[in-house]
Every structure is written in structure tokens, then in C-alpha cells.
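Worksheet for the structure shown next.
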Amino acid sequence: MSADTWILTAQCPSRLGTVDVVTRFLKESRCYITEQQSFDDRHAERFFIRTEFFPQDPGFDAEAFQAAFAARAEEFEMDFELTAPDARMPVVIMVSKADHCLNDLLYRYRTGQLPIDIRAVVSNHPDLEALASWHGLAYYHFPITADTKAEQEARVWEVIEESGAELVILARYMQVLSSEMCEKLAGRAINIHHSLLPGFKGAKPYHQAYEKGVKLVGATAHYINDDLDEGPIISQGVEAVSHADYPEDLVAKGRDIECLTLARAVAYHVERRVFLHKRRTVVFSR
Amino acid sequence: MSADTWILTAQCPSRLGTVDVVTRFLKESRCYITEQQSFDDRHAERFFIRTEFFPQDPGFDAEAFQAAFAARAEEFEMDFELTAPDARMPVVIMVSKADHCLNDLLYRYRTGQLPIDIRAVVSNHPDLEALASWHGLAYYHFPITADTKAEQEARVWEVIEESGAELVILARYMQVLSSEMCEKLAGRAINIHHSLLPGFKGAKPYHQAYEKGVKLVGATAHYINDDLDEGPIISQGVEAVSHADYPEDLVAKGRDIECLTLARAVAYHVERRVFLHKRRTVVFSR
Amino acid sequence: MSADTWILTAQCPSRLGTVDVVTRFLKESRCYITEQQSFDDRHAERFFIRTEFFPQDPGFDAEAFQAAFAARAEEFEMDFELTAPDARMPVVIMVSKADHCLNDLLYRYRTGQLPIDIRAVVSNHPDLEALASWHGLAYYHFPITADTKAEQEARVWEVIEESGAELVILARYMQVLSSEMCEKLAGRAINIHHSLLPGFKGAKPYHQAYEKGVKLVGATAHYINDDLDEGPIISQGVEAVSHADYPEDLVAKGRDIECLTLARAVAYHVERRVFLHKRRTVVFSR
Amino acid sequence: MSADTWILTAQCPSRLGTVDVVTRFLKESRCYITEQQSFDDRHAERFFIRTEFFPQDPGFDAEAFQAAFAARAEEFEMDFELTAPDARMPVVIMVSKADHCLNDLLYRYRTGQLPIDIRAVVSNHPDLEALASWHGLAYYHFPITADTKAEQEARVWEVIEESGAELVILARYMQVLSSEMCEKLAGRAINIHHSLLPGFKGAKPYHQAYEKGVKLVGATAHYINDDLDEGPIISQGVEAVSHADYPEDLVAKGRDIECLTLARAVAYHVERRVFLHKRRTVVFSR
């Protein structure tokens, strides 16, 4: 993707002409398409498209573009989004004590590999403050108990709201969010679960995996929803294991695949490769 | 593995000297060890060892070897098995209508890649007879209904018994075996299930996978036991899929990984790389 | 892909409006797009597009469609191809003695997984005739020596020509084709080489790999050209190996990945997912 | 591996009794073997063994153990090494400007995943000092030019010598070491090369890979020797790529697999899983 590449994404009900309404407009707007993928889900009867393009002429006016396209999109009940070349998505990361996913995300953030703008790191433990601080990031330590859950979530929500975060990354945050919180974050919070969902939901998945004697362990990045570990899946990864791996070895072996699977899901999300529709995702991966 | 390589495998309770009782005997018997792996499971408190060797001197007497070793093994409550270089395990394959796993096994059998001696192919459908016949194999068509299950299993069992089969391969046999049959085949029947167990147990796993929107599908080869799709796992494989794969596409995409996963499990079994202990396996893979 | 899905593929020099010229025409022709991918190569300055669609109205006239589109395509110097839903590409397979790739292709052909119409199997050895015959295929045994190469190739060419083959698959054909033959088959002959090209070109790649002590072996499917083992790559696969794998073990271990890599390349080719431009391919994989 | 596990590794010429001389001694020393692997290379006529064990009795005397074993090992011309449970190998890391491998190694070091004791980070550029410093590590910036190469290497060598480093990790150090330096570091310097060797040796391998249009890129960790990018291979990894990946995309995509491949090789080395013999390695991986 070049430095001057815009992204246009859209989805709408299936209907003749869904591709044409997008591509004809781009042509008429003298926008040059470099990469495009579309998919029409015949079960869901829903259309999805993602286009990378750059304007042929100087002085591209994004607002005018959107206003003009909105008129055409409306006819197709099309939801669309235009993303600028230099966009960096505002993000809040939530963690507990395990630091591998946070460390990995911070590295990709610091080196510009992941076009995100981390506004804050929030945790129910104080342990990872030094790591956040070295990267110049605000760290909020909000302890949580059964009694203070509602209150703690209110404080977390305040940080998310005030920071302007468009995405929340649960980078091994080991608390179950309330239904209210899940609802507020629908479609904009990505969790990493350390198993190949739907296998080994819930607590201590590696210990469950050991008991079953599986030969592969995995990780799943998904949007959260109100049904624990059942949210729409974005990406999954696996790692071979053996009889010689005790539960603590599985925990250790799984770290890399957790990092990679979460980072890939976040990259797909911020590059607008993921489309959410009901309980499933469409992912135009590379 | 050279053409003259014998295999000695053993397991017993954990105890000081378990390796030494094997390796000292081999040395004293002038047997040259080419490859050896051992593992002591500290949770199960059980020891497993696999040794490839060839006799230094001509005229190796397998019976005398076994008799002499038995005396030492007894002290360690050690179960052991000696496998000859030219051993080809007698096998019965069970199928229904899907032919991909059968086709794959027959190819490996025909070309000598898999050291098995297929004594019969048994099916509840007539469809795959031509395939078996072309490979010169006896094909038994035993239809099954809810009413005739016991009777059909009796006929299947007769074939297994009379053929001298040491291993039964369920190569997409789409019937649930009775508890009695499972018990009789304990530790010597390998099934391929078309999902990454314990995810998607039971019927139509690819359709279940589609509903969940997973990004990886897989296959699991396992010893059967009385608990459906819960037997000890031998090998697992995965394949990446996407939103564009409808259930019928998952079925098609899964075939290759089913073939490979089952063939690998069978190879491990006949090469004596798999040790069964309670609900788990130890697999000394390559 | 549904049973009524047509495929339209095209490539042309990069220019504003390349997507629009295709998609607008499809819309105007009342063709419903189910899946589309396009890529504009900024180094090669070349555009590639692949569209799956089905006509909304009964009585779709493919010839009229092509004639009408040709007028518009011409303006863009666009090469295009329309592929019918029930198309099965006529194919000739060339082999020597190794049968694993042939066996794999014949299975996929026999079960309809690969939409090809095998017109003949040609070999410089008699060994694989029985396998071809069981599948009801004509088998031509054309021996070759240094002296008879030109003559043998003439006979091979005759079979290809007379059979109407649009694709030649070199499924472990162990002869180097002449420059003339390569030229005649440019862009329509796929070879499988048993290494990760450009590593280990030429003879006995697994033996070369053993000497180097690599930890991964692989296979490469590519269009042939006049430069041995340097043709445009379509697909590649790998398999982990270890110090315990002697050359003959690598040969055995590599078979599966050769079969899978070749089958994938052929599937991509017949599904019109591969675009050839100079020495590189664009592959719109799934 | 438990906290009290010792490792005994050895290699010697092939001969009857090589396993027995090790295992009998361990039994007599009342050492309990938890995991063992041995391999006898019939081409090289060389034997390799790795044993994990813990002493049954308190007060294990490592020096006495080694002295007693040396007497027996001598008869077999056996080189052996005993590694203590709490061993952390002293290491010097060399880098240039790219920080991904360094960042990855430092994370594994900081969290104790990699049992190494980093004594210094040496670079020909000043860029990565902050990263090293945050981890409390000494950073030596030794610039290099064609004229000062000998002098610079002398300073590097001084750091290695004085730090007591047993292993040097070239974590994307972009200078070719002199023959003298290679010789001094033989068997104790691991380099990561960003291609699947022997493909794409030398400079800018991702650009070479782009030119060839490969569908997989990879990384190779190997011991350095005097022949550039030809040293004995320890581990290799791959990543799928496509036509849409320009050289700069390959560079970005390859980072993760470089980190993982190097980290795995270092882990294998410090866990004494790697045996070097001539131009090949034996790796008893998990």
C-alpha cells in the first residue's frame, strides 16, 4: 500500500449493481483503483467490498467525495467508510499481568508497523506500568473485585470515551466484561483467547488442552460480544505440541501464536479488511 | 530406517533404571542402536521408550531375545514389544461412501509407503467395491439399519477376527460403533474425525464450523473408545479457510488434511511410535 | 462457486477506468457479481481482474456477451476470457516412472474435484499404463534417448495437438523439454519441481537438500519456459524435515507436498485464478 | 523441563555400546532420566545423545560426576558436556539498525523465557542504544568502514572475550565477518539470514525473492562459518506471500518469521539440543 492510498469499504444487502455503484463513482471521481476485493454472501444475502485507490488529481476533497457518494449509496442501503492514507486509529489497550501481547503490540506501534495511536493502557493490575511508560503511554491502574466491578468498568469506560478510542484491544485482559460493557463496545473491541475456539472456552484453556492430549494448540482473535468466547472470529493460529509439553509448557509455547494472531487481527481491523455482519466476519486478507 | 532395523518399544511405571534395563540388554545382546527416544511422564508416573536397532551378528534369534529380555522386564512391570524389520501389520479398513481416505491409504499400501497388509475392506455401502477390487482386496458389504446393528457388527467382527487384523482403520466410516465393539477394539482402531477435537464433535462438523465462522478447519486421528469423538488423540492437522468457503467448500477443502492426518496416524501406529496410556498418547514422531 | 457461475478474467496496461470498464458492462448486461478481485501492479504497470458472476436473466448468450465486451475492451488493450460454469479444461498429463502426482491428479479428476478433462497420459516409460487404464484413459508410451529426442517430442506434440489439450501437466516428467517445445507450450504447461525454487535447481534436489542439511524441504509448481526450473511460479509448499531424514527419507516425505502443490496450481489455473505477465504470476487465490 | 533437571550431551564415533556407556553410568550414579534422544548418523558414522535427568539423592557433585564419566567416555573418544539446571548462557548480541530481532530476544531474556545472560550489545550503529539501555544492558557502538574493519573486529572481539560470552548472536548484523573472526567464533555464533538458504544468499534477499515471484519467503538461522551464508543450518521458517507484496512488503512480512526462527535456534542452542558435526547439525527438537 502506497503512502497516498485511500481505502473505501462498504456493505449492503445483495442486489444487482452493488459493485458498479462503487466503481463507477470512483471512475467518475478520477480515482485510480490499485486493489479491490468484493464478496456477495449468498446465505446472508449481503454484499461486501473493499477498494484501495488514489486520486488522479491533486486536491482531493474527502468531504465532498463522501457527500456525493452518500447520495448513491443510500439507494442501495449501503454503509460505507472512507479511510485516509495517513489514518492512525485511536486505541486503548487493556491488560492484566501477562505482558507478551502488550509487548508485541507496543513494538509494532513504536516502529510504525501498526498504524494505531495508543491513547492509554488500562489494567486491573499495576505490573505493566513500566513497559507502558517506556513507550510514553498513560497507564491506568483500576483494581477490580466482585464488589467494585460496575464502578471499575465505569472508570474504564471514561478512559475509552475521553481518549476518543475507536478500538479497544483486550491483550490478555483476564476479566469478563459485563453485558453493558460488551454492548457499548460491540464491533470495536478485539479479544485474544488462548485456544482454537470453540474448543476450550473459558478459564485455563491450556490446562484443558493438556487434559485432552491435543497435538495442536491455538489462539483466536475475535470481536467481543455478550456471549463469552463466542464473538465473531477474525483470525486464528496454531502451534504443534507433544506429549512432552506439560500445561506450563503449553502456556509458554502458546505465547508467540497469541501475539501473532492478535496482531494480525488488529492489523486487519485498522486496514479495514474486516466486515462484521451478525455473528460472522468477512475478512479480505492479503 | 534401514531394511534391517528392528524396533523395541516398552512402557512401565516410573522408576530408576528404566532406560538402563533396556539399553544394557541391547548392548549385551550386541544390538546396535540407531535411534532412541524415551520419555518419563511425571504426571502419569509412567515411562515410555522406543529403540531402533540392528543386530551386529548374523543369526539374530528374536524368540530367544524376547525370552531373555522378559526376565529383566518383569522386574520393572514392563510391557514390551519387538517388531521385525519386514513386519507388515495386518489391517482391516472400514468405510462408508466417502472414498478420499480409502483412496489415499490404498495408494500408500500399493506403493509400499505404509507397511500394512490390508486383509479386507468392510463397508455399510456397496459404493467403494470397485476401488478395493482394483487393488485386489476383498470387499465386504454389510448394510446396517437401527434394527440390524448388533447383527452387522457381529459380521464385521467376524471379518476382523478371521483376517487376523491387528489394526482397524475407520476411514470415514459413518456409523457409531457399539460400546461392546469399542471395547473389543480398544487401542487397535484408529478413527479420523473431520474437526479439531474437542471442537465440533458429532455430526456434520464442517457445517458447525461454518456456523461459527472459524478461520481454520482441521482433522483429528484418534483411537476409538466408548466416548464418541473423545478417544486418545494421535495426530491433528489444520487448513486455513475464509468467509468465502460455504459448508460444501469446507467439506472439499478438508479432504486433503483428513487424508494426511489419518495416514500419519496409521504410519505412527505401525512404526510403533504411539504409546497409549489411559486417555492420552505418547507419540515419538519424527 | 455455484453451478451457474461464469468467470470473466482480464488483463491490460494500467489506466484509469480499468475496473469500471468491466463492472459497468456486467451491470448493464444484468450479470450479478458474486466475487471479484483486482490488482494493479505498479511496477509492471499492468492491471488484472477476475470476476465470478451469474446472469440475472435466463438465456444468457455468451457469444453476444463477448462480442459486445470486445468493443469496450479494445479501447483498453484488454485481453479477456469468459469461462462457462460447466467448463472442463482439456488436459494432457506427462509422466515418467514416479506415480504419486499422477495418482493424486487422477483421483481429483475421477471425483470431479478438479474440473479437467484428461485426454491422454503420455510417458517415456511403460510403468504407469495400468493406473491410467483403470481410469479409462489413453496411455502413450514414447521412449526417449538422446538420439530420438526430437522425434519423441514430435510424437508428444501430435498427441497434445490432436487431443485438443489446452493444458499440459508435467507430473514428475523427468525429461528436459527442448526450447521449441517450451515455446510451443508457453503459458499452458505446468511443471512440479521437488524443491523450493530457486533453491536446488536441476537433478536430485532432495540429495542436494540433504547435503546442505536444510530443515525444510519443499515443492514448486511453475509454468515452464526455456530456462530450466526458472519458469513463473504458481504455488509453493513446504514440509519440515530433520537430521534423521536421509535422502531417501526426503524423497518419501516430499511426495505429499509435491502432490498438493501441483494440484493447487492446476486448480488455480483451470479456475482462471492465475495471470501470467512476463516472468511473474498474479494469483487470486482463495 | 523441571527446575532441577540436568542435561548431559555427548557425541562420538559410531560404535556398539555408545548408548549404554551413557545410560549405565547414569543408572549407577542414581540419576533419573526424564527424557532422552539419541541418533546414530550412518553416513557420518557419528553418534549423538542428549539426556535430561535429575539426581535421586541430595548433594549431587557435578565435578565428581564429570571426572568419573570422563574415564568411560575416553574409551569411546566421546566429547560430552554437563549442563546445570540453573545455567544461563553468557551471550553477546550484535546488531546494526534493524531492531526486530533484538527486541524479540530482549523480551524473551527479560521474562526469563530464554535462559541467557546478555553481557553486551555491540553495534556498528548508535541507533539501538536506547532499547538496550532500557533493559539495563551495556551497548558498544563500534562504527566500521572498509579501512577500519580489522580494528573494529578487534574491539568487538575484546568485548566478547572480556564478557565471557559463550555465544554470539548476530541479530541482523549487516556486516560480513572476516575469516579470522569466523574461525574464532566457529560453533558459537548464530546468524539469522532473511531467506530460505541456500536460496537468495547475500544482499537484499527479499528483493531477490520479489524478482523471482516466489510464493513463500523464509528465514534461516545458522552457525556462521567462513563461507558466507553457507554455515550449518539450525532452524528455518516460512511465510506465505503473494503478487501483491512489493519488496518493502516482503521486508515487513518477513520480520516475524525472522524473530521466531532466530529465537528458536538460540533456545535449541542453549538447551543443548544442537550438535554440530562438520557442515551439518543434529537438532533434538521438541
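Should a chain be cited, it is by its letter among A, B, C and D, assigned in written order, with residues numbered from 1 in that chain.
Please note the rule applied: contacts are C-beta pairs under 8 Å (C-beta built on N, C-alpha and C of every residue); 3 or more make two chains touch, one makes a residue touch a chain.
Model, not experiment: these values are computed from the prediction.
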Please identify which chain has its centre, taken as the mean of its CA atoms, farthest from the centre of chain B.
-> A
Let me have the rounded angstrom distance from the C-alpha centre of chain C over to the C-alpha centre of chain D, please.
-> 41
Note: chain D sits from chain A at a C-alpha centroid distance in Å of 36
Spell out, as numbers or ranges, the residues of chain A touching 2 or more other chains.
-> 35, 39, 42, 242, 244
Looking at which chains touch, is this a line, ring, star, complete or other?
-> complete
Within their complex, chain A touches chain D through residues 35, 99-100, 103, 107, 111, 113, 134, 242, 244-245, 252, 255-256, 260, 286
Residues of chain A that touch chain C when the two form their complex | 2, 16-20, 23-24, 26-27, 30, 32-40, 42, 56
Mind listing the chain B positions that touch chain A in their complex?
-> 39, 41-43, 196-200, 212-216, 218, 232-238, 242-244, 246, 279-283, 285
